[in-house]
């Protein structure tokens, strides 16, 4: 897959649970952080959007866990953005840096709400117009 | 749906993010905690299983987010367990206590590994034999 | 010590780290949740205060860790509130339920800011006037 | 203060709470992550130590919160290590990158336990012998 953005993330030990591996919920957090850093790379900021009355809400996450990350590991968190009707759909894959093993494979769906009203994601159309033909 | 277990959970304010709602990743955490409390209700404990060399690993989570929980809210976290081949499949729904609104609807797949070897989930068969005909 | 409020908290397994014990940062979270539940018991809510332009900010935490909590444990999180000048000072002790062992002993200092201005904590004086002679 | 180690950390939005600022408990997490990265810079790893039966346990944290970090902020997390008897004492200061404002000032005390027995921290003496005259 051709990704639109990649972010290196180092595992933090408090993210590991009593099984000695990164707790599953943290992959969802890695994915959120990657989306928000991607947003910043486009010149926007999640909190600033919220202040303007524009909120992106996650409506669905579907994550498959493949290889457990552990203390000392780094990972490469990659995303690709597509539109499906009013939804933004992020394909988000996380790879262990040391060997490229796929750690988690996610699909995250987002809708954009402006002042309480569901939009067709036009706000992102503007941000993304220089990106690809999405 | 007929659930096998229900757990009341009060929202903690540190679980809410800058949008003023419970951060999505915490629903995954609520669901994990509910599964582990369910396990305790069956007389087993997650850490004790790990000590015995038996680990349950989540292989997939699929969560749809419906209604945002907020500061002050409680929710009822419900689960039903089924088996699909070697996998345990948990249907996990979270309802806002005040009005019964569906907050999140999840499907979580688990495999059981004993001393490094994937099992057919026999360990849970024993725990669950008195439950339903699953 | 005579406490003003007590809250039972069950350890959640994702709060345990790779040492198999509750990660230290979670005691700070337990203490925050206990303060906010205490606030609710007085008829107020942290988010509602924030909406009204009144924010309680933690200026200092000092926590001594005594006995590690583990998977399966419950704890009793106790607090006592005192005033020292403009500051609210919470003495917060956490005990393992099974045997009463002291798990963590904290002192948390709070100031109250109204619309950006530091107050002398009068807002809490009103909430607490029926409590003790503080 | 002369620091022994510095780590740049970008705020993640899920670390911000409903007040729109980084939740206090996360500074404790930033400090833990900084200590563990420092450990890696010395050629050791926290989980590997645990596997060898050597555990560093935090016995006290004392953190003063000065300036709130927000979405979009980065911070520089600095530490200095000293020994006081059997304890390792970390002075840990966190500065907002944009303007150098002090965000949090912490003192964290650690003891080292080997196979269940409290040590005088000799394990760290070896790691640190090339560092300073501590």
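A, B, C and D are the chain letters, set down in written order, and residue numbers restart from 1 in every chain.
Convention: contacts are C-beta pairs under 8 Å (C-beta built on N, C-alpha and C of every residue); 3 or more make two chains touch, one makes a residue touch a chain.
Not measured: the values here are computed from a predicted model.
Comparing chain pairs A-B and B-D, the larger number of C-beta contacts belongs to A-B. The greatest centre-to-centre gap from chain D, using C-alpha centroids, is found for B.
Two copies of one chain, chain B and chain C, touch each other, and the residues they use overlap strongly: the shared fraction of interface numbers exceeds half.
Put simply, the C-alpha centre of chain B and that of chain D have 33 angstrom between them. Averaged Cα coordinates give chain B a centre that lies 28 Å from the centre of chain C. Taking the mean of the C-alpha atoms as each chain's centre, chain A and chain B sit 23 Å apart. Multi-chain contact residues, meaning those touching two or more other chains, occur in chain C at positions 13-14, 16, 18, 20, 23, 25, 29, 32, 46-47, 71.
Within the complex, the chain D residues that touch chain A are 10, 12-14, 16, 20, 29, 32-33, 36-37, 40, 45-48, 70-72. Chain B contributes residues 18-19, 23-26, 28-29, 32, 46-47, 50, 55, 57-65, 68 to its touches with chain A in the complex. By the touch criterion given at the top, residues 13-14, 16-18, 20, 23, 25, 71 of chain A touch chain C in their complex.
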